[in-house]
Every structure is written in structure tokens, then in C-alpha cells.
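Below: a set of structures, written as C-alpha cells.
What follows is a pair of complexes built around chain A, which joins chain B in one and chain C in the other.
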Partner chain A sequence: MGYERQADFGTPEVKSDQQVTLTIDGREVTVPAGTTVMRAAAECGGSIPKLCATDSLNQFGSCRLCLVEIEGARGTPASCTTPVGPGMVVHTQTPRLEKLRKGVMELYISDHPLDCLTCSANNDCELQDQAANVGLRDVRYGYQGENHMGQDVDTSNPYFDFSPDKCIVCSRCVRACGETQGTFALTVDGRGFASKISAGQSGDDFLSSECVSCGACVQACPTSALMEKSVVEHGKPERAVVTTCAYCGVGCTFRAEMKGEQLVRMVPWKDGKANRGHSCVKGRFAWGYANHQDRILKPMIRDSIDQPWQEVSWEEALSYTAAKIKSIKETYGARALGGITSSRCTNEETFLVQKLIRGGFGSNNVDTCARVCHSPTGFGLSQAFGTSAGTQDFDSVMDADVILLIGANPTDGHPVFASRMKRRLRQGAKLIVIDPRRIDLVRSPHINAEHHLPLQPGTNVAVLTSIAHVIVTEGLADEAFIRERCDWDEYQDWARFVSDEKHSPEYLEAVTKVPAETVRQAARLYATGGNGAIYYGLGVTEHSQGSSTVMAIANLAMVTGNIGRRGVGVNPLRGQNNVQGSCDMGSFPHELSGYRHLSDSATRQMFEKDWGVSLDPEPGLRIPNMLDAAVDGTFRAIYIQGEDILQSDPDTHHVAAGLAAMDLVIVHDLFLNETANYATVFLPGSTFLEKDGTFTNAERRIQPVRKVMEPANGYADWEITQMLANAIGCDWNYTHPSEILDEIARLTPTFTGVSWERLEREGSLQWPVNEKFPDGSPIMHVDGFVRGKGKFVVTEYVPTDERTGPRFPLLLTTGRILSQYNVGAQTRRTANVVWHHEDVLEMHPTDAENRGLADGSWARLASRTGETTLRVVVTDRVAPGVVYTTFHHPATQANVVTTDYSDWATNCPEYKVTAVQVTPSNGPSEWQEEYNAQAERSRRIAHVEPAE
Partner chain B sequence: MSREQRLSEIIADHQGREGPLLPILHDVQEEFGCVDEEAERVIALALNLSRADVHGVVSFYHDFHTKADSRPVVQICRAESCKARGVEALMEGAVRAAGERVKLADVYCLGLCSSGPNARVGDKLHARLDGAALNKLIENA
Partner chain C sequence: MSSTQEKLRRMADQIATNLQARGHEEAVAATAEHIWKFWDPRMKAGIFADDLSVLTPIAREAIEKLKADAQQSAA
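And then the complex of A and B:
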């Protein structure tokens, strides 16, 4: 693909049952009623000059360039604000219009620097284009009068500059910040000639304002007033490749705009069905890690972790590793080997890693990071509905009337989806938030949740069951739906259970700390407010009752009939770019791709035949069990692709002990991550920019990832896994990921209609894509549940074993922040650290005062498993008795503190509840010092002078 | 009563109304002589608006000031009719009469076009001004 701007229809698409036919410049055109004349003209191939209009924003009508003449109408109306009428006859080019447009353009240009040749938008500027279109030849007013030139450029944002002298005050940026992003950080300061775009208030610059650096304003700017620093530095890109973001589970598609092998900028793709042309600070700007100096580009080995690393050739690294694997297998058997697939890698790579472990190593000891995030979603939803995935597409939120948000913080964790949700909320949908913290969606500019249920961490099941109690006992259940779609006997058992007085909000108030009346109102609103949609995150799953909570959520959707159509459903907000995909690809120890249990011999035989191997019919070990077995001496070797379990998994001491006990830890990653401190083989990985493949986002959407540059480390990750497999004796000959995708489609009933060619053609597909659903499945369970009848599961609230007491009186809960991503391996290596350079502990003012802690004090955070130190932020976002932190920085290692309690069904760790004590401190903990010293020793690389 | 308390009181007086921002800004301007950055911030938080939203409105209107100015203000109309009736010739004297003590502000039409040059001090309008009358008005402001 060459470099061309995407088509801009000027005003947003309108949906209507009625069509209107009109004539524009002699051409007859039929469009939905309510469409603007500007858009109608664009749809029939015309182009009316415009500056303030762009099709991502509502019409504004300020630039006066898009004037047209309409027969029988007075004057020259602006085409962007004039809706089409039946039989209308429009002229877009007449001598009168030409004169008017020239006049308007002259005024713009009289106050605009004429430095086009040295301007960063040269040849990519709408003002320049329109000046050309209207045939501007001279400016009668001269340039000597009062003007806006020579103003200081605001360079405070690390990724883009604001040059006020290039600004034409079209307000596209201000509107994008409000309409597209929903932050409202920009305004027009002053009036008339003095008008200027301002971020925040008078004393602010972009960085100090409320700006979240999503890039929507830069995207909307028609000139170089708002411009990426990378374009200022490198110039206009020469080609664009559409690919999928490698950060969160929203799965935004971007145009990677390139100059040769150099990435100049990432621009959200307007046709992306997950992001609809929007982006966040991570995907849009935080890609600098891809070429960061810390990236390891050569394979490395060492005999033990106290030695420095030795850089070696790929051949040597692979033969060394293969020999070790073979010898461990001979001595201890196949079950002493295992591996972890990565939710950051492509479906094809994940599939290959589990194939290597099952078919090559010969064990089913394969697991994935979903173990520590959404494994309860997979289990819970498959129990209730029959599929391990969310039921809707993201667009569905635009039809929701009531949104129930549980244990998720989308404005930080899934920002692009949060912007869609906020747009819907501004249109009038109601929001109920169940979260111990007052997240931004509870109250932030133009958003005000109807109800916030600030529950005690660990009481999700109690709150959801009490909501069900209200729905059932107040007669709000959708009986017709339940009779038709669900198992009626199971429903009756469940209804009897939830109706018990001990599940009433009043009875449970003592446990949940949520006022009973708030629960009742929220329950009534969800049950009766129209389309009710549930969105949830890790605040649901990362609990000892994670799976129960997921099933309780499914119960709520079924009892109110909120499933099987647009605007409703159960929507897990998946954390990582391809966590849905890694689960789909058979990354769990008991399942083959498409969630088919290993014990099903027909499925197993299908794989055995295709792969030419025999598979162990027994499920393998989960991550925590692999670590336990390592300490016991029965598990000896692990291959970890793209995951940093030392930092991300709970109870760091336990993880470290397990890794240290193994004979062979192979880390396949971009960076020497924390886990690599315990590795003896390091295989350098490739970034998402360096390979082809597919990611599957939270809405089951399979989207292509495309190679825009050659792998700096030499090979794409799928090639490295293939080389490792062949080194241990497999005979794999994939030449492109599309062949792996074909194999997945061949072996997985929900993927039979998926192919690389089809993705190239259609952009994306939502599984299941098969004979029954040839075009994929945006909404699931439309005509009935996949499992047949929807299953109501009784969810008894069982308090976690993790209790507060005199020694540990506070409850710690953890989460994410907008600018950083998970363990921070990528985002810490970008300018995003400007916004969040360390993890902090949020604490209620009362708790802080009782401990003599002030805002910014150093504090020691201790639980029964460990302790760490970090700074305190005093805030009433958290309730008294609750503290909150993030886990983005290895210096903090928040997971030293978290425990090994986990979900009863899936072992998903209970990150969200840890009993802790916080005391004043004046420096790092003993563990932090010890660990940092070990990490520093372990990261040494012996540099050998190359022989000439 | 502290400034913060008075500000919250003003906000509370209007918060229940439809479109509470302008009445709040009027009262704040009246009470404190300005709507400064801190007041913008507090009002934004109370009304669930962004800081930029409030600043946009404050900066749009000439009569909301971001800094308090204790000087008396004399507004002189410089629009077409008053120009035609000779206001420009009075300006040099007016500036001299004002010195540092009085703030002169340009306005564009006070609605008394047939009887200019016109000026306003506080809520009082003064018409048919000549040099002496205008200077006196300024000196007495």
C-alpha cells in the first residue's frame, strides 16, 4: 500500500430507514435521510472544499468554505450543516461559490505563515489542498496586519507539538477531544480574533492539562498545528501498512506509516472495526520500545544463573538448548518439561508453542498468562453459555441502555473502548459501577454513574447474588426468556437459592459494605432500564471466587433476558492483545484448540493424525503447579515465550524459588525481563512490527498483524519456535504463518472458515466462522445458547481465606494505569514514563493520617508473604481500609506482597485481595535490595571482541 | 468565612439549576472580582466539567476576569456611531486623565447610538460626552 490519506466524507454516516434522492452537480444520488449535502456529494465522488468538517466529528459549520447553492433556496448554505431533501438540486461549483470560497481562503491565508516548504505538514495538509482547490492566487490583505505568527510552540507532550501560529481555529481538535475521546481537555480560549486553542486553563500546557495523549486531536488537525514529533523529525511517511496493535484486548487497527524500514508514526485506521479510527497513548505513540537499546538481538546462553550471559549464534543456542531438553527428557521423562505460551504473540505463534510442547516435548504442561487473568471467564462462561468468550462486538455498546461495569477500569485499561462507552453514556445510557475504587467512570467530566457500589474487595459474589435476589423477589425476572432459552428446573433451583433472605442486600450489607438501598436501585435499573449490558474485567476474575463471579454475571444476564441481541450481553474486557487468541489456540493444559478437552479421544486422534505424533491423554500442569513441581524436583525445564512470570505472577518469592530449582529455563522475549534473571537460555524475540500473523481481541475478532520491517533479531517468533522444534527432532516446514492458520482452521471447528486470504479481503472475522456461521459471529447466542439451554449455576458466597486482622488490617487491591501496560516491559521503555514513572500506593486520608503518612511519603507495604516499599498517594478514591497499587515497575514488585490464594476452579490468582499493613519507611525493603543485586549480577553480558 | 467556603456556597446556590455555570461565574466575579484558575478548577469539579470547559466560558466573556483588578473601570464605546460622533478625538485626553489609577476599557456599542460619544461606569451610562465631561467622569470614577 502506498501512502494516501484515507477518504474523508466530511460528516458522520447516518443510519435511517428512509432514503432520499437528490441531484448534485447533475448526478442523481440516493442517501439515508439525515445525511448532509456534504456527505452525499462525497459519496457520489464529488468533493466540496472544507476545513472544519471531518467525518469522525459532528458537523460544526464554522469554516464557511463548504458553501453550496441549492435551487430554490436562498443564499449559499454550508453543505456540512444542510441535510439532504428529496428532489433537492445542488450545485457545488459555480462562479459565485468560487468567488466566496476564494475570499474565505484569502482571510485564512492572510494569518497563516507561508512556510509550506519547511512545514512538517508539507504535501499532507488540508489547508494547502483547499488553497489549491479554490485556486487561491494572491492575498489582497497582505501579511503586515495583526496576526498570530511567532507564537511559542508547546512541546510539552512527549509525542506531539502544538504550533499555535499554524492553527486555523477550526475546533476539530477541541471537538475530537470531546466527541471522540471524551476527555474535554481542550477549549477555545478567548473570542473573535483573540481565539486560540488552549489545553486546560491559562497556566497549562498540553502536559499539565487533562490531556491523556490519545492523539485524536493530532489526527483531526487539518494543518501542522498539532503534529507528531516523529513527523517533525523524519518527514512525511512514504507508505502505510495496516496492522493490529499489540497492547490491550481492544485490538485497535493502525496504519503503520513507514519510510523505508523506519516507522514514522502509527495512525488509527478508520476502517478498524474494533477502534473505529480511535487510539490511545499506548498504541498510537508508545512503540519506541521496538528499537530500544535494551532490546536483545542475539541468542545467549550460560551454564548457570550466576554467570554472565554469552552471546552465541542461533545454531549454537539451539543445539545447546536441544541437547539439554533431550537429556532432561531422557533422565526425568517428558512430564518434567513444559512451557508457557504468550498472549502477546500471534495466534500462529501460540499454536506452535503448544504444538511444540504437546507434540515435541511430549507433555501437556502448557499454560498461558490467561491463567492469571481471565481463566475464570473461560470456565464460567463455558459452563453457563457453552463458549469461553464474550457475547458481543464492541459496537454493541452503542445500543446499550444500562451498562453494568464490574471490576474493570476501562478508561485506563481499555481506553479506546472506554471512549465508545463514554460516548454512549453522554447520549443518555445509564451506568452502574461495582468497584472498590471510585474509578474515573464513576465521576469525571460529563460522566456520572447512576450508582456506584463501592464493595469490600472479595465480596463480588455476595453483591451479585444480592442483585439477583432483588430481581427475583421483586418479580423483575424475564420469565418468557428463561422458559424459552434456559433450563427451567435449574432456574427454579437457582431462584429459590437467591430468594433466601440471607442473600438480600440488607442481610449482606455487613459483608459487602454496600448500602442495601443502592443495591436495590441498581438491580431495578439493570433489570428494567432497557438493554442491559455487562462489562467486566480482572476485578471479577482475580479472586478466590473468580469463576463463581463470572457465573453469577451470566445468571444476571439470563434472568433479565439480556443476551442474544445487540446492546446487551456479557463482555469480558480481555487484558492483552491476544489473550482471547492464546486461549482459543489450546494453551491450557487440559484443552486443545477451540476449547476441546484432551480426554475427548476423537479430537485427540484428529491432532495425532495431523501432527504425526501421539499425545498424552492426561492434562498437564498449570503454571503454579509447574512451579510447585519444580521445587519438588519433578519439573525440570520450561520454555517461556513472551511472558514475565516473575513480575506478573503472584507471590514472587514462590515464582523465584520454582524457577531457580529448574535445570533449564528458556526465555524467549524482547528484553532481559525479570524472569530471565533465572534463565540459562535467552532467545531474542521479534516485535509485532516484524512479523505476519493474527491477533484475536476481546470481541473474538481475528485481525491480521502485518510485517512492516525485518526482524532486528533475525527471525520472527514463529520461526524461532519452529527452529527449536526442528532442533529437538520435529520436522516442521512452515514458510509463512498463513500455513499455520490453515492448520488451525483444519483442526478447530470454530475456525474452519478462517484463512489469511479471507482476512486480507475482509479485514477481520469474528469467530465462530464455520459452516453454520459463514460470515462470523458479531453477536453470539442469538437463536439459542451454544450449549443448548442456558445454565443457571448456584453461586454461594464463600469469603476468601485472606482475612484482615490486627497484623494486616488493610485490604490491598491492584490494577493498571493508562500510560503503562502490565509489567511495563514495553511502556517503561517509552516516553510514557512522563506520566507514571513509579508505582504508588493509593490510601484513604484517614488511614494515612493514622499511620503518620503524608502524600508522597515512603511506605513499607507488607503482607504475610512479603514486603516492598513505595510512595503513598493520599486520595479518597479508595475507601477507608482499602489500599491500591499498580504492578508496572520491577523496582516495586507489588507481587512480592500478593498471596498464592487462587480461584477454586481455575487457579487464577487472587491478586485483588491481600491483607496488608502499611507503615512509614525510609528505603527499599531487604528483598528489593537483594533482588536488585541479583538482577544486576544476572543481567551481565560478556562482550567478546569479534575476531576479524 | 474563608474564600473556599464562600465559593462552595455560591456553587451550592446554583448547582441544582439548569445551566448553573453562568450564574455561578457571575456571582464569583461579583464576590471576588475575578474567576481565577483555582475558582475555575473548583467549579469544574463541582459541575463535573473539565477545567478546559470552564476556562473556555470564562475567557469568552470580557466581563469575567482571571485576575482581580481593584482599579475603577470606565468603558468607552469605540463603535461606528460613537466614532462618527468624535470619540476618537477624546481618547488622548481620556488616557491622560486615567493614568495608572483608572482602567479604560473599549466596548463596542452601549445601545445609545444617536447620543454618542457614550461611556459606562458601573451600571450607569453617560451620553453626549465631550472632552471635559469624559475627563471628569474618569477623574470621579
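And then the complex of A and C:
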């Protein structure tokens, strides 16, 4: 598409069963009751001048530009705050209105720089548009009087500037910060002529304020007062392409706004059904990694990991790799080969990687990063409901009355969805937080959780079972729902189990450390407070009882009848952009796409016939088992697309030992990541801006990813996998990812109705999309569970084997921070480091004082597995006895400390519970220094002089 | 004994412990099914060849059942 602004109807859409008919400028218009005159006019093609109004924000009525005349009404009311009435006759253009608007606009312009020729807005300015719209031709007042010119520009934010002299104090930015983002960092400071937009407290600038740099204010600004630095630098974009963000599992839709091949800015797309026009600091601004100098653009090989890399042609890299693969297969058999699909790549790319491993390599040793994040979700929900995904769309939260949030920190991990959640909470929904840390949602501006259950890490199952105990023993179960929708006998067994006194909050308080009365109150609220919706994250899954916790959550939803309609449900907040999709695409070693087990011979035969190969009917190895087998010598080669297991997976020493033991490690990535230290083949990858395909977000929404520029490395990732497949003897001939999507649809019952053409037409689709659900499935299990009757699973609390003791008396739990993403490979290569340039250790004041540690002190963090050092942040956000850190920086390598304990059903690592000791330190440990030196050596690239 | 062998034992016992609330008979069947569905052949072979007496009763019976099934299919 070309470059034009999205249509702006001035005020938000109103939904109503009642319709109102009125006349605007002689045209009869029918709109839902409650719609404003401004919006009604816009919907019938009119355009009432406006400045303070925009359809993403509630009407404000301050600029006085949108005045209209209404027959029979006195004065000239503001159309943005006037609701339509039946039979109303509105005039939007009259000589009187023209005069009034000109007068208003003249006053605005009298205190605004007339530097349109050099202004970065370059005509993309609503103020300029409206001045033209009202026919303003001159300004009588001049600049001799007091004005706001020449004020200092606030350039503190790395991504946008604030120029106060261009500000018209329309408050759109202030309202966007509150209404859209829910941070309330901005305000109008002063009164009357002294009014000015202010970030935070007096003396703050944008960077030092509470601003989270989501960009909502910049997007709302009608002038260039708030403007992206990239637009200031490169100028106004010339074209825009709608695509999907490649950061978290929310899956925001953006307009990639381009000037030639230069990406100028990413702007959230109002029609995006996951984000509804909102964004966060990562998706909106942190795309600079795509052209970062560290990016590798040529294939490289080396004979051993102690040698420098040699840049080679694609042909040489592929033939070298293919020869190695064939040789290993011949010597050790197909089961010595495997690979890892990427949750950052598209569905089509992921599908091809697992096809290459199953059909080309000949083994089922394929896994994906979901192994270390949400594999328990897949297992647990398939047991309870019959499908491995969340039950709702994101919009559903706006119908929730009680939100139970467990083991998730959406304001950091899923910020755009967190803003929707906060909006609903401000409307009056109640919040229960179950988390060892006092996350922001427990208490932040206009948000105050009804109950916070600061449980001891590792006791999720105990807490959830005690909530179930209260619901069942206090007679709060929804028996009618259970009898109709669930297996009654199984329910009775489960109810007997949870009713046992040993599952009461009072009995378990010693284990969970949560006051019994708080548990009882939370249980009553969830069971009786109206629509109850559960949202959860990795604080649920990354435990030795991750799968049990997911099933315990499903039990709670079923016992209270909170499933199968809007406002309720079980909602896993998936981590990476396409982790749902990578699971859907058959990335797990035991199943084919659509979650069908390999032992199902009919399914297996369907794939065999389509692919022209025979498939191994036995399950393959999971990632941790691959590493074990590598150490044992039975697993010799791995192809890793878009994952950095050395940094992201637990017990770094063991991961390194596994990788070092292999004969061939192929890393296919944007950067020489930590895993590449152990690779002998590097295939340069492409960014999400450089390819077509689809991502599937946490609400099962399949969304198009569109190429906005040519791949700097020469090929999209799906092409590289195809070249590798053909180099080992496959005969693949895909010319576009749409053909791969057709194959997925052909082989996957939940994708039958999905095609590239349909996604182009409809924007997105939520699976299942098939004969039974031709338009997709925003809400699942509406008339019945996928598996038939909902299954109550008895979930006994089993303490983790990881125990504290005299040597390791503290519990470490790990997580994420807003500005960084996963291993930080992308975000560390952007200006986001200004907010988080190193991993730090959060520690309670009592624990810090006992160890002689102060804010900023270096500390040694040691577990039974390993140790590292990092700086301490003293905070009561964590409870005594608990410490917390992130894993975004390889300099820290937090996973050198985490253990190989894992979920009983899926081997998802227990990142959230590690017994540790913290002691004062002088700086980086010997191991860290050795590691950094080794990494530096491993990244050497031998530059060969070109032949004469 | 390799560390992998130790891990296999731990995994089998962990599965059994988490399923034991279903009652002994069902837990044995569920443990066996879980291992059959999710373990790679070399992992199964590893635990089959191990000293099963060190396992918890549910895990041990589950592995014995799987071994018997495997022998039956091979015959």
C-alpha cells in the first residue's frame, strides 16, 4: 500500500442493540445509540475538524474545533461529546461554524512555530491539516506576545523526542498514557497559559519518568511535538506494509512504514485484532537489530570449534553440511541426527524444519523452545480439554469480572495485553495475583489487586488444590455445568480428593506460606464473582509440577463453570511470537502437526504418502534428552534454527558438554549466538521483515507476516531449509510460503480452512478453522469440550527435589523484564539497553543486610550446579528467602545456576526454583571471564583476501 | 552408571510419583503409557536394561509391563 494515515472516526466505536437515525448535512445516518455526532458524521464520509479527538481515546471536548449546529438546540455543541439523538438534524458546515473554527485555529497557530518546511512531520500533521480544513489564511496576533517558542527539546528517550513548543496541549498523549497504556506517567502540569505536558514528577524527563516507552503518546500526538527520532532522521515514510510483530506471543499487528528499503518506523495497526492499535517498547521501537553490525550475512564453516570461521558461498556451506549429515547418518544411523525448530520463525519455516528432520534426516528427534516454556500447557490442557491451547481470544478479558493471574507478569512479558487487562480492571473487574513476587499488577496506578497470594516458589499445585478445596467444601461448585459438560464420576473422585483436610488452606499454609484466610477469600471471589478468567505464564509451567499445575488450573475453571463463553477460560500467555505455532506445526518429537501422536498409523501414513517418505513410528528425543544422548555418544548432529540453547536452557555446563560432544552443530541464526560457540556450520538467517509467512499468537490467531525488504543474507529462512533439504537429497520445490501453508492445511485438521489468500482477505484466523468452524474459533469449548467430556485430573502436590538447606538457603526464581526479550539477542542490540544493560539480582532487604550486601553490590550467586556474579538490587518486591533474576545477558549466564530438574510429564525445566546462596563478590567470576574469553575466540572470522 | 541412567531412573520415578494419587493399578498403567508415548527408543532400552529394583514400586511395575509388551511384540 502507499502511505496514508488510517481512518480516524474521532471517538471510539459504540456497541448497542438500539439504533438511532439522524440527519447530518442533509444525509440520513443510522448508528448505534450512544455514538457521538462526530463519529456518526465520519461514518457517513463526513469530516468534522478536530484536534483533541481521536478514535482510540474517549472524547475529551477541549479543542473547540469540532463545533456543530443542531436544529432546535442552543449554541454550538462539541460534536465529540454530543451523543446522537433520534431525528436530530445536524449541520457541520455553516458560516457561523466556519468563523468560530477559524478563530480557534488562529489562536492555536499564534503559539505554534511556522516551520512546516523543515518540520519532521513534513505535512503528516493534523494541526496543519485542520488549519487548511478551516480555511485559515493568516494569523493576526504575531509572536510579539508571550508564547511557548524556543523551549528545550526533551531528547532523553532513545526513540522519540518531545518538542514542547510544538505542543498544543490537547492532552491526547496524557490520555493515551492513561487510557491506552494504563501507566499514567504523563500529566498536564500548570494551569491556563502555563499548562504544559510533563512526564513524571517535577525535574523528570521522559527517560527518568515512569514512561514505559510504549509509543502510545507519540501515536496520539496530532503534531510533531512527540515524534520518533527515526522520522526526524530519515523523513516521512513513503509506503506502509501491514505485518506481525516478531517479539512476544501477543502478536501485535504493525504497519512497517518504509522509505525505499529503509524501515522508518513501526506503527501499531488499529485493525490488528490482537493489539487493537497498541504497542510496547519492543515491537514499536526495538527493531534496530535487523541491521545491526553484528548480524552475519554470509554462510560460514570451520573444521572444529577452536578454529576461526571461514566465510564460504552458500553452495560450499550446503555441500559441506550435507556431506557431514550423510556421513553421520551412515555411521551412526538416523537416530543420531536431530534438530530444533524456532518459535521466532514462521509456521511455514517451522513446518519445514520438522519435515526435514522427520522426512530428510529420518528421525523424530525434533523439538522446540516450547520444551523449556509451555510444553506443560500443551500436555495439561490436552488431558483436561482435549486441545493444546488457550481457550479465549484477548478481547475476552473485557468481559471478565474476576481475573486470576498466576505465575505471569504481563506488564513485562505481554505488555500490550496487560494494558487491556488494566483497562478492564479500571472498569471494576477484580484481580487475584498468585506470585512469589509483588509484580506491578499487585499495585500500580489505578490498579489494586483484591488478593495477592505470595506463595513459596514450587507450591503452585498446593495453592490451587487448596483453592479447589474451598470451592468444593463450601458448596461453590457449579454442579449443573459439571453434570452437563464433564465426566461426573471423575469429578466425584476429584472432589473427594480435594475435600480431604490435608488439602485445606489451613493444613497447607505451612508449605505454601500463604495465609489460609487469604486463600479462602480468593477462592470465594473466583467462584462467585461472576465471569472468572485465569491467565498464567511460565511461573506455572517451569516447575517440576508444571503439567500438574496446568491441570489444576483446568480443574478450577471446570468446577466453577468458567469455560466455554466470553470473559472466562484458561489463558496461557505464551512467550515467543510463534511458540503456539511452532507447537501446532509438529515440532514435538512425539507428534505430527495438529498434535497427533506418531503411533496413530493413519495419520503417519497420510504424511508418508504426501511427503513420499517413510516415517519412524517411535518418538524422538526432547532437547534435554538430546544433550544427554550427545554426552553418551548416541546423538551426533543437530540443526538449530533461531534458538540459543546455550543461553536459554538450564544447566549451562551440561548444555555446553552436550554440544561439544556432537560431531556437527549447525546454527541457523541472525547472530553468532552463544550456541554458535559450539557450531561448525553457521547459516545466516533472515529477519521477520525480510520474509513472508504466518505467526500464530497466544490466542491461536494465525496472522500474516509480510516481507517489507529483501533478505540481507540473500534468502528467507524457509528457502535456506529447503536448500539444505535438497542438498541431502530431498526434492522440494516450494516457491512461496503460501504453498507450504497449503501443505499444512492439507495435513492438519485444525488448519483445513486456512490459506494465504484467505488471510490476505480476512487479516487473521483463529484455529480451528475447518468444516465444523469455518470462520475460526475465538472461543473454544463453547458447546462441549474437544475431547468430549471435560476431565478432572487429580493433582497431588509433590514437592520438588530441589531443596534449600544450610549451604543453599535461598530460592532463586527467574523471569523477564519489559525492555528485553528472551536471551536478548535482538533487544540487547537496540537502545533498549538504556533500561536494562545487565541482569541484576533482586533481594529482600533482610537477606541483603544479613549478607552485608547493599544496592549495587556485586554478589556471587551459587547453586549446586554452578555460579555466576551479578549486581544486587535490594527490594521488598521479593519475599525474604527468595531472590530473582533475569537471563537476558550472556555476560551473566543466569542458567549456569539453574538445575536439570524438570516437569515430570514434559521435561520442561524447573527454572523457577533453584536453591542458592548469595555472598559478596568483587566482580565477575573466574568462570565468567573464561567463558567470555572462549566466546570471543570462538567468534573470530578469518577474512580471506579476494584473489586477484 | 552414567548420569543419563540416573536421569532415566529419576524421570520414571517422578512420573510414577505424580500419578500415584490415581491409585496403584491406574498409576502403573498411566506411567507405562506415558513412557511408551514420550520416550525415545534408546531411553526405553536404557531403563529396560537397568536394575529395576531401585525404582519406586509403581515405576518398576510400569517398566516391567512395558518390557513384557515389547518382548511380546518382538516374538
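Keep in mind that, in the parts below, the second predicted complex is superposed on the first by the 947 of 948 C-alpha atoms of A that agree within 3 Å, B and C clash if a C-alpha of one lies under 4 Å from a C-alpha of the other, contacts with A are read in each partner's own complex, and residues count from 1 in each chain.
Everything that follows uses one rule, which is that a contact is a pair of C-beta atoms (placed from the backbone, for glycine too) under 8 Å apart; a residue touches a chain by one contact, two chains touch by 3 or more.
Just so we're clear, the structure is a prediction, and the values are computed from it rather than from any experiment.
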*Just chain B (first), just chain C (second), both, or neither: which does A:W904 touch?*
second
*asked:* Which partner chains sit in contact with A:S444 here, chain B, chain C, both or neither? Use first/second/both/neither.
replied: first
*Of chain B and chain C, which one touches more of chain A's residues?*
C
*In the superposed arrangement, does A:S209 touch chain B (first), chain C (second), both or neither?*
first
*Regarding the shared-chain residue A:R871, is it in contact with chain B (first), chain C (second), both, or neither?*
neither
_Taking the superposition on A as described, I'd like to know which of chain B and chain C A:N625 touches: first, second, both or neither._
second
*Of the partners chain B and chain C, which touch A:K259 in the superposed model: first, second, both, neither?*
neither
*Kindly classify A:T183 by the partners it touches after superposition: chain B alone (first), chain C alone (second), both, or neither?*
first
*Looking at the overlay, what does A:S198 touch: chain B (first), chain C (second), both, or neither?*
first
*Which of the residues in chain A come into contact with chain B in the complex?*
183-191, 198-204, 209-210, 443-448
*asked:* Looking at the complex, which residues from chain A come into contact with chain C?
replied: 335, 364-365, 497, 544-545, 547-548, 589-590, 597, 599, 618-622, 625, 628-629, 631-632, 634, 794-796, 798, 801, 900, 904-907
*Over in the complex, which chain B residues touch chain A? Could you list them?*
37, 40-41, 44, 48-56, 59-60, 66
*Along chain C, where are the residues that touch chain A in the complex?*
2-4, 7, 10-11, 14-15, 17-18, 20-22, 34, 37-43
